[in-house]
Each structure stands twice: as C-alpha cells, then as structure tokens.
Amino acid sequence: MTECRVLLFSLLAEAVGKRELVAAVELPCSAGALVDSLAKDSSPIRAYRHVIRVAVNREYVPETHVIRSGDEVAIITPTSGG
Amino acid sequence: MTECRVLLFSLLAEAVGKRELVAAVELPCSAGALVDSLAKDSSPIRAYRHVIRVAVNREYVPETHVIRSGDEVAIITPTSGG
Amino acid sequence: MDLGTDSFVRIQEEPLSVEAAVDFLGRGDPGGVDLFLGITRRMTGHKETVHLEYDAYLEMAVTELNHIVANAAKSWPLERVYVAHRIGTVPVGQISVIVGASAKHRNEAFAASRYLIDTLKSEVPIWKKETYADGSTEWKPELAVHEPTRRSVGK
Amino acid sequence: MDLGTDSFVRIQEEPLSVEAAVDFLGRGDPGGVDLFLGITRRMTGHKETVHLEYDAYLEMAVTELNHIVANAAKSWPLERVYVAHRIGTVPVGQISVIVGASAKHRNEAFAASRYLIDTLKSEVPIWKKETYADGSTEWKPELAVHEPTRRSVGK
C-alpha cells in the first residue's frame, strides 16, 4: 500500500477533525477510487461523496484522472466564496 | 402672438449662440408645432429637427402635447451623459 | 424592517467620490453592491481627448434621475441606490459618473446598476463635449444633420 | 499601445480596500469600470449573522483566480481586472470580496465583472461559515447529505 495524503477543507475538515487524511490506496489510482476509499472509512466524506470534486496539483480533475505518487491531492465540496 | 420662451442646451445652444429662444407662436399650441416654428427661423434647429424631443415643465412630452402660457419649455437633442 | 429603498441623487461640478458612494451603498444590510464608474477616456481610435465638458438641463436632469431611481426601486428588491453625475469640465482619467445599487443578492445589484447607467445615458438631459488634443471640439453623440431641409430652406 | 490586460489577484486576511481597487482599475485608459463588492449581511430571513469565517485552499484558490482572470481577459477586450478576497473572520457590514473590470466601453466591464463573481463563487476553493447570534454555526452552501449511504454503512 502506498500512502496518499489528501487535503480537507471547510465542513469536511471540521467534521473529520483534521485538515489532512491518509488514504490507504495503491498508487497509481483513479481520483474516483481514491474518494471511494476515503468514504469507506469516513462518514462525513461518505455523506458528501456525491458533491465532492477532486483537485490534483491544485487543478480540478475528472474522477477518471490517475493520481500518482507525489501528487498534491485535495477533496473539494461545493464552494461558497464571495 | 404670445411669446413662448424655449430653453436650449449643448450643441443647439452653441450653434444658436444663446441658451434661450423666443418662439413666435399662438399659445396654446402643440409641442410639434412649436418646434416647427422654431425650425423655420433657425438653421441648427432645422438641421436636428428629426431628433429633437420636447420637455414641458421638466418632463418629456409627445409632439401632440399642448403647451400653455406659463409652461417651462425646452428642446432636447439626444443625450450623452455618463 | 424598512421596506423602502434609500436613494442618493446628485449632479455637481466638484469631483465625485467613490468612497462616498460605497459608504452610502454599504449601509442598510446588503449582501452585494454593484458600482459603475464612467471615466474620461484619453484615446478614441486615433483621437486624443484632453477633457470633456458636460452641459445639463439641471432641474430636469435631477427630476429624470429621480424617476430612474424610483423605477429601479420598483423593478428590483434593492437596499440602496446611488447616482452622482459631474458636470462642467472633467479631465482625462477622472470620474464623470457613479451609479450603483446594493441588494441582498448580486443579481439585483447588477441588473439595477446596468439599468441606471443605460437609462441615464439615453434619458437624462446631460450632454458631453469632447475637446481634442488638436484643439477641435465635438458634441456627443454625433448627430446626422437632416440635409434635404438644410439645403432647401435658407436661414 | 499595450494590447494586454493588467490584472491584480490577491487573497488576504486584512480588510479589503475599495480605493485600492478603483485606483488599480482606473489606470490604463478605461471609459468604464464595474466593481462588485460582497458584504457580510446581517439578516438572512430571521437568522442574524454575527460574522463569517472564510476557509480556503489558498494555493489552489490563487491558481483558480488566475485562470478566471485569464479567461475574462480572453473573452472581452478589457483594460484591467481586479480580484481580492478576504479570508478568516469578516464581521457584519464588512467587505469579503471585490471584483472588477475596466474597459473602453461599459458592456465589457459589466459582463466581465459578472463573470468574475459568478465563477469565483462556483469554482474557487473558498468556503464561508456563518456564525449566528444564537451561537450556532453553518458552512455554506447547505449541502444535502446522501442519506441512503449514511444509513446503510456504519462508520
């Protein structure tokens, strides 16, 4: 298993109680599979799974995007800036 | 003949050389007839007759509006504020 | 709760203040403020403007601005509406007009602000004259002269 | 003549300055400036907000803002584009965001400004949390929880 650190913000960070999680996935793996894996172990992520977008290296990616070792990964719930 | 003072602004005031004209019309008379009368004696007013709007007592009026003695009358070319 | 819309309308020769506009529009309890500023532009194509001069039918211009502000307040749920127009000479780079609206939500603020400036330009008896770098002047908008009449009837 | 569009993008904890925005947007040679301000609203229905707290994925937020600004500059002929977002605590009545665009003509300034705020809200990883007068807090937007999954799978 490779460790993949995932950044959390706003309501996910608050609900999980930290701003970073480690996903237990084999890299490379798709963005979708990574979120699914996190959702298995975290009820807040599971609760909002349907609205989560993934960012890799600070850009939104489709769920099919392949994450590689060393990528900066974040999961993004709907935004409310402004 | 009643005297009817008419206010001029911007390019009409500049072309006529004053900010007020006296129209030689019998009051009451329609706004349209008043401008036609002014146009007869003033080539700038004639030149812009087709785009002139009339204001009576500081409100735009249709050309059929009847002007009476004591009304404040102005002729307005297309505006360019802003 | 105050259901009315507070408004500010002024025509003045003195420079306009964006701060004053923002200060006015920010009171009440808005979520969004949209503000439009008209600025004297130096270049129009290859023509260089030195300054603008604004003429106005002052009393009617104020009346018309109040109509426009009232229409905006009827058309959208607004907190506050602000309109200030400068007349006289406005040098290049300076502000000739500020219009703005504040509202709970941004849609209304944008729509009202756009309505205010569009209607101001078409309806309010204020006119600008360009003075160009070559010394020539020109009233705006450029108007087509009604040629046949001019040719056929002498002054 | 400079055909490029100058832009300013910043995310900061300090209060935002409308003057700085107007100063930036007024340079170049614009004919019109449109400016949108987001302000912390006290009342939402019967709920009273005390302050907002903004969280951000700072590095990505700046990247996204730069994308949005570049898209605006490609979409319209603009003189200048300005975006500043405050994060951390923003008390009621204070400005959380300023976006604006300057252009030769007002159409472009309005369109770009609207695009900037709409896209900022939907795309940029910044989130607001309301703190209400009764002490409760709420992240925005309110999100529907995916109930069936939550019920069927224990943590």
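We just call them A, B, C and D in the order they show up, numbering each chain from 1.
By definition in this document, a contact is a pair of C-beta atoms (placed from the backbone, for glycine too) under 8 Å apart; a residue touches a chain by one contact, two chains touch by 3 or more.
Please read all numbers here as calculations on a predicted model, not as lab measurements.
S.K.: What are the chains that chain B and chain C both touch?
M.R.: none
S.K.: If you average the CA atoms of chain B and of chain D, how many Å lie between those two points?
M.R.: 50
S.K.: If you average the Cα atoms of chain A and of chain D to get two centres, how far apart are those centres in Å?
M.R.: Comparing mean C-alpha positions, chain D is 24 Å from chain A.
S.K.: Which whole number of Å gives the spacing of the CA centres of chain A and chain B?
M.R.: So the centre of chain A lies 72 Å away from the centre of chain B.
S.K.: Considering chain A alone, which of its residues make contact with at least two other chains?
M.R.: 82
S.K.: Return the residues of chain C touching two or more other chains; collapse runs of consecutive numbers into ranges.
M.R.: Correct list: 38, 106, 117.
S.K.: Classify the inter-chain contact topology: is it line, ring, star, complete, or other?
M.R.: Basically the chains just string along in a line.
S.K.: Can you list every touching chain pair?
M.R.: A-D, B-C, C-D
S.K.: Chain B touches which residues of chain C in the complex?
M.R.: Touch residues, chain C against chain B: 38, 54-57, 59-61, 63, 85, 96-97, 117, 120-129, 139-141, 143, 145-146, 149-150, 153, 155.
S.K.: For chain B, which residues count as touching chain C in their complex?
M.R.: It is residues 7, 9-11, 13-14, 39-43, 46-51, 55, 58-60, 74, 76-82 of chain B that touch chain C.
S.K.: Quick one: in the complex, what on chain C touches chain D?
M.R.: 18-19, 22, 26, 29-39, 41-43, 93, 95, 102, 104, 106, 109-110, 113-114, 117
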